[in-house]
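Please see the structure below; I have some questions.
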Amino acid sequence: MPSSPIRVTVWHEHVHDRTNDAVKKLYPDGMHTVVKQAIEEHLGNDVTVRTALLEQPDHGLTDEVLANTDVLTWWGHCAHDQVDDAIVQKVHRRVLEGMGLVVLHSGHYAKIFKKLLGTTCSLRWREAGEKERLWCLMPGHPIADGLDDEYFEIEHTEMYGELFDIPTPDELIFVSWFEGGEVFRSGCTWNRGKGKIFYFRPGHETFPIYYHKQVRRVIANAVKHLAPSRSSAPVRLEAPCIDPPLSPITTVHQVDQSLHDH
Amino acid sequence: MPSSPIRVTVWHEHVHDRTNDAVKKLYPDGMHTVVKQAIEEHLGNDVTVRTALLEQPDHGLTDEVLANTDVLTWWGHCAHDQVDDAIVQKVHRRVLEGMGLVVLHSGHYAKIFKKLLGTTCSLRWREAGEKERLWCLMPGHPIADGLDDEYFEIEHTEMYGELFDIPTPDELIFVSWFEGGEVFRSGCTWNRGKGKIFYFRPGHETFPIYYHKQVRRVIANAVKHLAPSRSSAPVRLEAPCIDPPLSPITTVHQVDQSLHDH
Amino acid sequence: MPSSPIRVTVWHEHVHDRTNDAVKKLYPDGMHTVVKQAIEEHLGNDVTVRTALLEQPDHGLTDEVLANTDVLTWWGHCAHDQVDDAIVQKVHRRVLEGMGLVVLHSGHYAKIFKKLLGTTCSLRWREAGEKERLWCLMPGHPIADGLDDEYFEIEHTEMYGELFDIPTPDELIFVSWFEGGEVFRSGCTWNRGKGKIFYFRPGHETFPIYYHKQVRRVIANAVKHLAPSRSSAPVRLEAPCIDPPLSPITTVHQVDQSLHDH
Amino acid sequence: MPSSPIRVTVWHEHVHDRTNDAVKKLYPDGMHTVVKQAIEEHLGNDVTVRTALLEQPDHGLTDEVLANTDVLTWWGHCAHDQVDDAIVQKVHRRVLEGMGLVVLHSGHYAKIFKKLLGTTCSLRWREAGEKERLWCLMPGHPIADGLDDEYFEIEHTEMYGELFDIPTPDELIFVSWFEGGEVFRSGCTWNRGKGKIFYFRPGHETFPIYYHKQVRRVIANAVKHLAPSRSSAPVRLEAPCIDPPLSPITTVHQVDQSLHDH
């Protein structure tokens, strides 16, 4: 963990909490405000958190903001296709360079998530206000730190079920049980370049999910865990020609450079 | 393995073996012809192999060809950006549906490979005609079947070195040692949807790589291993709403359907 | 898959189906007979199946039987500690050499399973005759071949729940949902040496689990998938000194051989 | 990372540095002293480090020491079989409970390492004073933090080569290139229970490996990374019966308790 505060940007689509009365009532200042508070509540002076919204110029993700973000959290639902491809490309680059990315709930369909994972990220779903029980498969994992039992429950929620079309996670931390009969890989990490991604399922804007004690703890844990270490190793995302070689080569070889110039 | 023959399509960029004398001399009928022969040599009546070229309509990858391909092999080097995005999209869909994909050498920069993996797939390289020794880390793997020793050698080759910017492979089968001092993850698999991907490093068009005994064996093994099983499980790549639930839910919940209509 | 039949040995503890009336009624000829039939039903002439029982000399696992077994299936429950350590050692060796091992249900506590995985393999459980729904996370996997839907159900069964104390599986194929509120990693593979292991949860001797259509199919699929390929690569399970080196070393170095003689 | 200091125990076999003149000259106060200093040099007040030796009562690993160890480092070579099985059993338990374990060089043959991994952990080797170049495959990993380049070199060392008979690592951080022609998975992690294991190859007592700048940094990084988080989740390493169920079960079922009493 860096000794200076982790610089977090909470990105939010911010549509339903402006347009839908039920959501507005739950999140009067926007869901991003509540996610921001959850992170600050647990990490205090170890973080500085700003927010960024779809409606802002560059969706709030200017080059300057991205360059100064250690961990980005992402929530979107109905406006994924309004996110500019050029911004997605920049976020993608920053993840490969080491920025952590926490993708929440319906963010599974965000362009950036699909681009990083390479699959459709589709799933089964149902909104029936049913019970969810999240089982922890890696109780020693920093993202599960401080949970009081082998599972925690969300009394009423939307269901997401398998088959979740994702690559095999590098770590599978939570699996959900749903009252209506499904299971779901609810807490997953993947490495991409120098960056780490954490997908965390709980959500849906019509339930008070981001006020839920353990959900808040897990998001804060993830922010802490995904903050890049201060490695000085260079990341080369181009393809450098290494010449002369590091160790001697006995062969004498004539290169046709034209085959490499493209 | 299917009881009917595996339907293989060998895709080739086919530029350098038309335009460069040295390459033309090595592969007078095109590299695709030699790759095709390697597969047929080992799998005989268990396969039917066709070829497809960049220069053909739809790059030879029409809907009909793709729908009837169990395993696609891919070689490209200097013309990756001439591959139509719409075709890439169709190949991507077919992999998720179960089609195997064998990516060879400089295909690491193919659009389809980067799209499936989500990273830049960059690497270090050097063309110095040096020696490569491929060590097998999974001697029990079907893709390593029939190799006679713990490693095999390529006397003169182009070097590819780490850091190879890929997601952690689901299986790491071969790691290369290079005379000039690098190592490389040369044989890797990943699962995406119902499909399997195998990346195999050896290549470069100025060396007779695809005439090499063990290289040919590994490519044929991979074709056999990646052929989809005849599972009748449906693949749902959309996000179906599951209602009514599979098991009873006690809560009575009112859905705001407008939040889901987008 | 080998062209000659896969040689399967079905190992069974064979205690409860001799001593308990309810189990005897379900499995009058022993559970091993039913497992054997399940494999033969699906694989026919592609397999030859024998059985081996705890009560037999060497538990039926003589050197000759082990040397001629491609895949071993294992069911035990109440008599794990009666299995001789010397036999466990031999089975362990054979797995590393390439023999497949299918561990069923309460076999999670078998000595050989714990020895191969390195953990306690403990879990939560309850016998309440509840419903289990097994979700397939890898619908393209050969072990899931031929299943008709995204899940299958067992109407009445014993529950096994997380936390299942196992190393992260190399492949997680099935996750179970239980009516009473738990989830479980029910179908897992691990590689050990040249061998593959498959753990499959369904079972308990008071339910007719091994007559269940999809359970039988999965076991047969696993047998086929775990059969070793005919690789000729040598497996060196000792630590050979490689001298002279494969490639030239410039340093002149004096070895103190006494440090290596132990 | 815990806010109180990480409690580290450096375990050492301590045979060759008492009996062999060359080793004695390199490590006059024992290798454990040098490993201890390496950890303290980098982690300062964030650690308290003690040492424990084979020759001590309980090999220095009393119940009290183990209970108060967050991370244990392990070096052994010629006296693995003198380590008491009862102590190995206790260390095993502590790893499952969350204690980190750093296994160094010839510790690959330690009883505790083989017990946790389930394989023979055999490898190829050669002592020829050759060059080793360790390539970093995960430059964003905390264990690689602070390394200045994509690789680091050890000028003269013993060689360890593949096939290294280990389970697929959960993370593969370093792969070594050897002058004499081999490659090796030199930095690997595995999860077991709540504990994490890191194997780090560099070593051999006749070379000044534990004075090497980057080797020292990696060992210190590993200690920091493997320190258990302060999760309050209980670890149940027995198999508890969960009755009554968490969620209602509709079936009425009669249990034959005798089948579970063993």
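When the chains are written out, they are named A, B, C and D in that same order, and each has its own residue count from 1.
What we mean here is this: a residue touches a chain if its C-beta (ideal position, glycine included) is under 8 Å from a C-beta of that chain, and two chains touch if they have at least 3 such contacts.
Source: prediction; values computed, not measured.
Excluding chain B, the assembly's touch network remains one piece. Using the contact threshold fixed earlier, the set of chains in contact with both chain B and chain C is A, D. Summarising the inter-chain layout, the chain whose CA centre lies farthest from the centre of chain B is D. Of the two chain pairs examined here, A-D and A-C, the one linked by more C-beta pairs in contact is A-D.
When the CA atoms of chain B are superposed on those of chain D, the rotation angle is 180 degrees to the nearest 5. Mean C-alpha position of chain A lies 36 Å from that of chain C. Distance between chain centres (mean CA atoms), chain C to chain D: 28 Å.
Once the centre of each chain is set as its mean CA position, chain A and chain D turn out to be 31 Å apart. Residue numbers of chain A whose C-beta contacts span two or more other chains: 131, 133, 136, 139, 150, 161, 163, 168, 170, 179, 181-182, 191, 193, 235-236, 246-247. Within the complex formed with chain B, the chain A residues making contact are 16, 20, 22-23, 77-79, 96, 109, 115-120, 122-131, 156, 159, 161, 163, 165, 167-168, 170, 179-182, 190-193, 205-206, 235-243, 245-253, 255-256, 258-260, 262. Remark: chain A residues 133, 135-137, 139, 150, 161-164, 168, 171-172, 175-178, 181-183, 185 touch chain C in the complex.
Touching chain A in their complex are the following residues of chain D: 1, 98, 131, 133, 136, 138-142, 144-150, 171, 179, 191, 193-196, 228-236, 246-247.
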